[in-house]
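Each of the next two complexes has subunit A plus one more chain, namely subunit B in the first and subunit C in the second.
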Partner chain A sequence: MKKEFLIGVFDCDEKVLEATKKAVDKHFEIYDVYTPFPVHGLDSAMGIKRSFLPYVTFAAGAMGFLIAILFQIWTSAIDWPTIIGGKPFISFPAFVPITFEITVLLAAHTTVAAFLASNFLFPGKQAMILHPEQTCNKFIMAFDKTRINKEDVTNFLNNNGAISVEEKSADNNCFALIGKGE
Partner chain B sequence: MSGAHVSKLRKPLVPEDKTYKEISHEILDTLEEKPSKSWLICFSISALVLTLGMLTIGYQIATGIGVWGLNKTIGWSWDITNFVFWVGIGHAGTLISAVLLIFRQHWRTAINRAAEAMTIFAVACAGLFPLIHAGRPWLLFWVFPYPNTRGDLWVNFRSPLLWDVFAISTYLTVSLVFWYMGLLPDLATVRDRTKSAFRKFVYGVLSFGWNGSNKTWHHFEVLCLVLAGLATPLVLSVHTIVSMDFATSVIPGWHTTIFPPYFVAGAIFSGFAMVLTLLIITRKVLNWENYITMGHIEAMCKVIVVTGMIVGLAYGTEFFIAWYSGNEYERYCFVNRATGPYWWAYWSMITCNVLSPQFFWSKKLRTNIPFVFVISIVVNIGMWFERFVIITTSLHRDFLPSSWAMYSPTWVEVVTFIGTFGLFFTLFFLFIRVLPGIAVAEVKSVYRFARENK
Partner chain C sequence: MSLEVKNFEFQGSIKTISIVLAVVGVLALLGSFGLNKAVGWVDFLVSTVYFSMIAVSGIFFLSLGGVVQASWLTPYKRIPEAMTKFLPVTFVCMLVMYFGYHTLYEWTHTELVMNDPILREKVAWLNEPFFFIRTVIIFSLWILMAWALRSISKKMDTDGSEALSLKLQKYSAVFLIVFSLTISFAAFDWVMSIEPHWFSTIFGVYMFAGSFVSGIAFTTIAVIKLRDWGYLKGIISDDHLHDLGKWMFGMSVFWAYIWISQYLLIWYANIPEETEYYVLRHDYWNAQFFINLIINFIVPFFVLMTREAKRNTKVLMTVACILLFGHFFDMYLMVAPKVFHHYHAHISGYGILQLLQFIGFFGLFVFVVGRALSKMNLVSKEDPTLEEGLHLHQ
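Let's turn to the complex of A and B:
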């Protein structure tokens, strides 16, 4: 599916940050900003809500903790109780290391999975690239053409440090790379 | 970096003035060029050593591990020494990528990628030793608790060896995903600048469709922080658990509560030495002196001084406590370490680990690259000896003098150990050829640090 964009190309992180703040003030609807590295303050300027990922980490970690501790108790005291070194069946101190490791294991991998899923990233996805240098040295502010007044935004971008303003149509068919698209 | 107030005394992390494009260019061009002669030579030697190691591993698995030099008294020596040695080396990578991220040490950006890669390769080398020692490596999955045909007999959750299984597998997989997530933005940069259709496809698949969307960056930064927060206690737990393999036993010389912090400090010490060894070569071969600067080398030297002295303090403390405890077995064990038949191993350890890092107090010496390179290797030799001293000397004279024995490795053990260096360097040389060896996006994000607005 093709999507039409109007993009402003910037060559400096500070300029794109300033322009983003002004665009938000002027109520232009920004589709997204593409940068080669994370620009500090840009997410709050765009009004992106705080990431939900830490909640996933906590939930998965708590799950890992419970699974590990209950499983060790069940195997050591209920399913096949064995006396080892005269220790009690439920020897909590000895269960701490594995409980900790499983907590970390589940928390880390679940967070990564949640990150990939929520941003729809997967091996072989066709990246939607609006400018060939957006992952190298250019900062791209993109607007969905159907949701803005083209002239206003073009003037705005030209007056706020964009080195060029271009119209782009991008194919956001993410399966094109591995040949399952359209 | 914008908006941050930085002292005028601070020096920029990337000394020379560059454009963002030049930074991508200088770091990523190695992936586009044909391999250089020096790379080919290094890689071939490593691959050859790896092949030798693999053949030796095949031989001892086919014959049985009776080909090792172990005997009735010393049932655990060279293999576990090498295991602890390699696991320890891995720790510096996580320390640089996770702990220094939490402490906001921006200088880490140029070296964290290579250090993390080193972690993964070192842990892979470490994992080989328990695998071989199992004797029948194809049955190694027995260490995992799963419903089985042995009457559902479970693994022993009270055993530190099992804790090790969980610690090492968690550490390896978490380090791997942490490293790979960090690679995504740089793989996308490679994909977008390469001219070759083949590379465009391969890096396209590998980069997961990353396009630098700020919405993704926001989640990405939180993800890195969360993973760093998880990896920090994880890395401390891993060597703690490794030390518990010894500390929870009743062998004099092993049964001490100082082991966990002492092992962790030693791990960071040896790991930083290995990072220095690798990066001093890499920055020279790939012309990365502008990114991996003298400042980085100095900072790592300082970490080596600190951790070296912690290790030295631990040697002193355990000796003192052995005497102070009044336990004659414990006391004998330590006197025997320093003056018994393995005195040379003990004093090599002291010389390499406690004395040699002291040179780094001098700025002149820690900015002299050939000197730093030599000391980094000396430290690694010393840390190998530390594990050998702890393990072998504590075992070789046990409670029953009639079973006292000596241990020396056979050629099989020696070649296997050398072979793991082959594995380590083969993987590392491949890594700097096909993946971005410096975190390009992160270096760009700190480029403006301590620079006037330009």
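Let's turn to the complex of A and C:
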């Protein structure tokens, strides 16, 4: 699906940060802000909520912890009880390293998988490039044209440090983007 | 850069309270000695070593920052600097400890050592004169390093030149090596040698982990309190507190990691001369053994896990206090069991006297550190990393 965008091009991170704060104050709905490097404070200025990923990490870690503990109890005490070094069948100190590793493994891998899935990222996906210099030295503030008053936003951008205001169209359907880079 | 910083003034209720606490602590310590000389010397050693470790963790903190030219600690680096000012006090305490060697350390009993083939082999290292000399050397190095770090930092009040930063970096790199060696020897000498048959090569690292957690906990308390009292306004943000919270969280996990590394290998190998350390604790101090793990690992791990908790001063304050007490508890658990066992007195419980003398030593610590802090500028204004440190973002 083609989408029409109105973009403001900025040449400095402080200007785009300032403009973002003002745009949010004026209740203009920002589609996204594209920057060549992470700009501190931009996500909070855009009003983006905290990611749910930490909860995924915790749940996966707790899962890993339980799986590791239960599996070790099952193998060493229930399915095939074996005396090792005269220790009891269920010896928690011996389980600690494996439990730790499985907890970390599951937590880390699930977090990465959840991150990729929630952002529709996969090998071969084309990035949405609204401006040829957005990964180089320009900062792009994009608005979805159907959701804003074009005149107001154009004026706003011009008055708040944008070096140019342009209209662009881009395909935001991630599956259609494969192999169709500009 | 024009930065208005009000320097810390050590006065009013905090000064009175710290002096009162210190007096109470001395009385409690005298009470311990009155009760039993073993109890007295154990209490004295535990507090002395514990507060030496907090003070010396300041050297590590500053050297770490210096060697990587870190900016995140610059706005509050005067607090660890002031902490190192406590080292001369514990040095004196450690010299007084000379009169307690015979009570605390089994290997000072000549007759016992001569009849013990293992201890006879260790005489070259574990003898009173050499032990005393090592203590003096260790403390001299610490005081010297702390003085060098403080004086470089003091020059940064007026001089922001690159040469000074590079000098700090060079010194810090050397200091980190000296620090890691001295803290290991200190741990082996003052604490591990209480059980001269027993040995654990990771003991120095274990001691370091505990010392760093308690050092960070004290820094956190100091930063929060200073901000509450109106100092460091506009300098310390929630992001700085978040950083300190992450340190406490991370280093508590590190401590637990070292704890299990020591326990697991000894438990698995099951060699009598190694297991005696844990057998003694499981037999007579089992509850404390597990309480130690809960307050020093489980509590900070779950409480400080979320971002909100690390940015909440009340939560940080509570956890920092728990950790400060927890690592004192841990130190007590390293020292007391063997000495009490030696005197056939299994006092497996915490007395009010121990708690009072811990609080008393803490009062003395606050007094010395507060006075030291009031004599410095609260922020080193020309430090090249300050500007970046003020704009810390998470």
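One rule holds in what follows: the second predicted complex is superposed on the first by the 173 of 182 C-alpha atoms of A that agree within 3 Å, B and C clash if a C-alpha of one lies under 4 Å from a C-alpha of the other, contacts with A are read in each partner's own complex, and residues count from 1 in each chain.
One rule holds in what follows: contacts are C-beta pairs under 8 Å (C-beta built on N, C-alpha and C of every residue); 3 or more make two chains touch, one makes a residue touch a chain.
Bear in mind the structure is a predicted one, so any value in this text is a computation, not a measurement.
Is the arrangement of subunit B and subunit C around the shared subunit A a clash or a fit after superposition?
clash
Identify which of subunit B and subunit C touches the larger number of residues of subunit A.
B
So in the superposed three-chain picture, is A:Pro97 touching just subunit B, just subunit C, both, or none of them (first/second/both/neither)?
Both partners.
Once chain A of both complexes is superposed, is A:Thr35 in touch with subunit B (first), subunit C (second), both, or neither?
In the superposition, A:Thr35 touches subunit B alone.
Just checking: does A:Phe89 make contact with subunit B only, subunit C only, both, or neither of them? Give me first, second, both or neither.
After superposition on chain A, A:Phe89 lies in contact with neither partner.
Where along subunit C is the clash with subunit B: 24-32, 312-320 or 384-392?
Stretch clashing with the third chain: 384-392.
Name the residues of subunit A shared by its contacts with subunit B and its contacts with subunit C.
Comparing the two interfaces on subunit A, one with subunit B and one with subunit C, the shared residues are 40-41, 50, 54, 85, 94, 97.
Enumerate the contact residues on subunit C facing subunit A in the complex.
260, 263-264, 267-268, 270, 305-307, 391, 393
Which part of subunit A faces subunit C closely enough to touch in the complex?
For subunit A paired with subunit C, touching residues are 40-41, 50, 54, 58, 85-86, 93-94, 96-97.
Can you list the residues on subunit B that touch subunit A in the complex?
1-3, 19-21, 24, 145, 151-154, 156-158, 160, 162-163, 166-167, 169-170, 173-174, 177-178, 181, 184-185, 188-189, 191-193, 201, 204-223, 226-227, 230-231, 233-234, 237, 241, 244, 441-442, 444-445, 448, 453
Which of the residues in subunit A end up touching subunit B in this complex?
13-14, 17, 32-43, 46, 48, 50-51, 53-54, 57, 71-72, 75-76, 79-80, 82, 84-85, 87, 91, 94-95, 97-98, 100-102, 104-105, 107-109, 111-112, 115-116, 118-129, 132-137, 140, 174, 177-178
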